[in-house]
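Here is the structure we will look at, set down as structure tokens.
Naming follows writing order (A, B, C and D), and every chain is counted from residue 1.
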Amino acid sequence: MRSRFKTRFEDLGLDTKTGNGGYRALNKDGTFNVRKQNVPFFERINMFHSLVTMSWTSFFTILVTVYFGINLFFASLYVIIGTEHLTGIRGTTTLEKFMDSFFFSAQTITTLGYGQVAPLNLPANIVAATESLLGLLLFALATGLMYGRFSKPYASIKYSTFGLIAPYLDINGFMFRVVNPKYNQLIEVEASVTLSMQRKDKSDQREFHLLELERSKVILFPTMWTIVHPIGENSPLQGISADEMLERDAEFLVFIKAFDESFSQTVYSKSSYKANEIKWGEKFTYLTKRHGTGVSIDVGGIDETYKADLN
Amino acid sequence: MRSRFKTRFEDLGLDTKTGNGGYRALNKDGTFNVRKQNVPFFERINMFHSLVTMSWTSFFTILVTVYFGINLFFASLYVIIGTEHLTGIRGTTTLEKFMDSFFFSAQTITTLGYGQVAPLNLPANIVAATESLLGLLLFALATGLMYGRFSKPYASIKYSTFGLIAPYLDINGFMFRVVNPKYNQLIEVEASVTLSMQRKDKSDQREFHLLELERSKVILFPTMWTIVHPIGENSPLQGISADEMLERDAEFLVFIKAFDESFSQTVYSKSSYKANEIKWGEKFTYLTKRHGTGVSIDVGGIDETYKADLN
Amino acid sequence: MRSRFKTRFEDLGLDTKTGNGGYRALNKDGTFNVRKQNVPFFERINMFHSLVTMSWTSFFTILVTVYFGINLFFASLYVIIGTEHLTGIRGTTTLEKFMDSFFFSAQTITTLGYGQVAPLNLPANIVAATESLLGLLLFALATGLMYGRFSKPYASIKYSTFGLIAPYLDINGFMFRVVNPKYNQLIEVEASVTLSMQRKDKSDQREFHLLELERSKVILFPTMWTIVHPIGENSPLQGISADEMLERDAEFLVFIKAFDESFSQTVYSKSSYKANEIKWGEKFTYLTKRHGTGVSIDVGGIDETYKADLN
Amino acid sequence: MRSRFKTRFEDLGLDTKTGNGGYRALNKDGTFNVRKQNVPFFERINMFHSLVTMSWTSFFTILVTVYFGINLFFASLYVIIGTEHLTGIRGTTTLEKFMDSFFFSAQTITTLGYGQVAPLNLPANIVAATESLLGLLLFALATGLMYGRFSKPYASIKYSTFGLIAPYLDINGFMFRVVNPKYNQLIEVEASVTLSMQRKDKSDQREFHLLELERSKVILFPTMWTIVHPIGENSPLQGISADEMLERDAEFLVFIKAFDESFSQTVYSKSSYKANEIKWGEKFTYLTKRHGTGVSIDVGGIDETYKADLN
């Protein structure tokens, strides 16, 4: 049984039948290049997740829109009830009354409650009591979202823009480098690299190879780490030229796992290098220098390379 | 010692003596089909857990009820103290005075404090100061609950409604498929499937078999995953017919573990297929298509199958 | 090297030189029976941890005391500034003025702000602005603490009061049972049991034995789990009588690890059985019954046993 | 392949070319002794992380400054709009009007809203409604930060100030000890120690050795743990004198991983001992005593040693 069905799957869970050319499994930012269709809206989105991961601009736009909309709604209610049932309304035209109601609503929903304007009859009191409760709940929600946005875990790993095919010992290697630009300390960092390319015989199907790395784990990650796959005899890259790599639509899928000491949680980072993001015959510049009792690292130079003849 | 007592337990921790027919260990939603009796109320429930997992309807009902109830209580206190000790009370009948007190209470507990009505004597001041503190604490609680509800971890895995007995290579296999309909990215997904059925010799007892899977782990889970148990020579399903499966009250217990990259936490999903949720002689339709540089997946078609002769 | 120094440590990290009799390493609730001395106060306590783990009574007492104390302090400030600089103060005696200031302070710190009383001059305004900021921060703290208290992880595992020495197959076994009385679902539950007792030769020193268990892990934990150490030929309990167990001050240290599916986190539970908490010649009553399509379990009967002759 | 490239990396991910003398890889508090240069400000810092890890003094300074600054800004807006559009402004000079506006702003942003002063015209109302929304959001942020600060995970492990070269069995050993001074319970504590020193042949390069420990894990950590590396035949410390250790700029890198039961999370602690923080020929004083049914430990005596002749 075991020998018959338990083959080694190196495709990571990706599809193998993806048709010819121009395919990318992982976007540069590590998300899946996949569209999910025919999923009902509420099954597809996780509202909390969306509100936590969207940009600050979108977040504040939604927030201000909701605040404005709710106040419009309650202002209308107060106008319908009749502004004569609120003390301190000074507006005389309909527009002025609506404005006064609008700002009374804003003072109520934020629980500001100057009291310059205040509800007098039963319906106005009911609406105001409801609005202030709603305000507290919405604010509770906003508090949770702010916390969620700020404490959101993520591996802040920065990748070199290009991968290199460079001389390595007496052979060559595929290499790229990563750095953690943040003050957060990442430890126990593990990397795996999988090569995906079109099969030689059937160009509409893909083959996957987990690449052996010079080193797949570092305990401490204070500076930069150049991740190297030595192109030895058994490497699937052995004998492959730059042209063939392009032709077979190669993609290097990178998968990094680390422990973020600052937030005490495991974080993942994914990325990929397509064949046209590989430079041949260049090496990375060494960027670490002694600095006082420690070292300094020129993070900005992560993409610096120099020419080096391949073996 | 080891060889004598350390037998392999494949029952997962479930009971083996469950009597004849119609037994289900795991509900479709993955919860245990178990009633715990004679547990004191406060030992049984975890209030936070209950308030976080109940439906939004129940949650808001409780919330509004509590808000209403507390205001009733404090309104009564203000009436007992005497509404003449609050400024700005305009009601003259008892009901009107109670109403005014009720809305004053609402303005106090939400820390709205218009000031139209305000406490004047010592008892009224004490009650108002207590109520506003209570209001802040209840609101702190509500904030925590809202956050708990929204950030609650869960594996959003969707299962095909039916499991299939379908041709697989030159034999047959038991298979079902799963998809993650959310935008959340699940990685390092592991599955295990255990078959539970009545023993042939003693029909009031159950036997358990951990089923060997074609593949028990995927690193990435961008689209769909068809989980397959090949019915090879050593499979406990070898030679079992659809009728026997029903008769022996078979249940396939599914257990999936994954890492939710978005929330940086490990999540679990459980489900089960009973014998009557298995279709014989059908295969799943392939749902992935090339789409731009990536692929698209028709999630809505998860249950689509076509007829296929069994080997 | 390895063979010389890498002996197997089974003491778990506990002290072996603990003197004669009456020693208990783990309290019944799983905490260490250890006093740490000469630790400066602020190095010893973690304020958040203390406020989160203390009883609700202590927590509310502290909270009300702080609220009262802060209001006393600010009331004094307003009196020192002069209550003539607050509008709406109606008190005439010093006590009345202090009272009015006290409630004004309460209205300010909760951001209630009726406005019946309000600051008029610069010092009063500065104090009020400071107090309302302080109020918001304290409330932020309270919100965090409420959330911390409610979402605090813990393994709600309930142990049988006594351990048993009972017949097991054709020999005997040491056994106790555990149940999860909560609705929270625990999965992947692992147990380890270590026996600690005085050495035969040196009674002021202790020896430790990790006991082999019939089963050390269950995947699902829906009902009860009887954890069994079979007293086979190699068991350190082989040939030990009830009297010797008491004399050698035996303690069974129990250590359980589980994954709480509801909160998506790993939880631990510890406990211990001393020699005088062991019953000889009794077996646990079987408490599971078929109930509808599932089973029911009589959690309240966890301590029920019946007489059974030892082998 | 495997044998050729998969050498054992013992450098943990640290740099090996660090030049002569006086180098320290890990600061005493466990942070990396590294400066990251040429990282854009917003790529480098994680605002939440910074605000959560800074000292309370810095945190409150920032907080008060922000509160003051925002009120200055809004006070200016109200003055520009014209204080005649606010009721209850009593100031007559520009300064007095500004002051009144400032405190009105403070009452608005905290949602205190006495109502003594209140906005009358459209621009004043718009500014006040905006300010109260901003106030709620800032307060939501502050709540999250307070919670983040308090619930921040950290291993509270305290190290002995000095490491010792002391007699151990019939040879010597390198040892230091650790204690958890907090009430938090740490369990499953693992330690690893790596020796880093200049190479004998090339003094500008460093070699790294993972040191074999007498014991690298304890399950329970109730008292103190003396971590020992026995200097046996294969130890890289074999035959090294105190002088050589200083000359070769030795550094012992300590890495401890534990599970904090109170917060249900994995925590890490790092530290290092430089050659000049090692004492030769001393042993640690035994600090545990029997106390009632348990033991007591004199945590304050963690650095106590006595003379002991080396083997």
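Here is the rule we use: a contact is a pair of C-beta atoms (placed from the backbone, for glycine too) under 8 Å apart; a residue touches a chain by one contact, two chains touch by 3 or more.
Please read these numbers as outputs of a predicted model, since none were measured by experiment.
Student: Show which chains lie in contact with subunit B and also with subunit C.
Tutor: Shared contacts of subunit B and subunit C: A, D.
Student: Same or different for subunit A and subunit B, where same means more than half of the interface numbers show up on both copies?
Tutor: Interface between subunit A and subunit B is built from largely different residues.
Student: Is the number of contacting C-beta pairs greater for B-D or for C-D?
Tutor: When the contacts at B-D and C-D are counted, C-D has more.
Student: Can you report the angle of the rotation that maps subunit A onto subunit D, using C-alpha atoms only, to the nearest 5 degrees?
Tutor: It is a rotation of 90 degrees, to the nearest 5.
Student: Go ahead and note the Å separation of the Cα centroids belonging to subunit C and subunit D.
Tutor: 26
Student: With chain centres taken as the means of their Cα atoms, state the distance from subunit B to subunit D in Å.
Tutor: The separation of the two C-alpha centroids amounts to 37 Å.
Student: What parts of subunit C, by residue number, touch at least two of the other chains?
Tutor: 111-115, 139, 143, 145, 147, 265
Student: Specify the contact topology among the chains shown, as one of line, ring, star, complete or other.
Tutor: Topology of the interface graph: complete, with all chain pairs in contact.
Student: In their shared complex, at which residues does subunit A touch subunit B?
Tutor: Answer in residue numbers: 1-2, 4-6, 9, 12-15, 17-19, 22-25, 31-39, 43-50, 53, 87, 108, 111-115, 118-120, 122, 125, 128-129, 132-133, 135-137, 139-141, 143-145, 147-148, 153, 192, 255, 265-268.
Student: Which of the residues in subunit D end up touching subunit B in this complex?
Tutor: The contact residues of subunit D facing subunit B are 111, 113-115, 143.
Student: State the interface residues of subunit D toward subunit C in the complex, per the touch definition above.
Tutor: For this pair, the touching residues of subunit D are 63-64, 67, 71, 90, 99, 103, 106-107, 110-116, 139, 142-143, 145-147, 150-151, 156, 158, 179, 181-185, 187, 189, 212, 214-215, 218-223, 225, 230, 232-235, 259, 261-265, 288, 290-291, 293-301.
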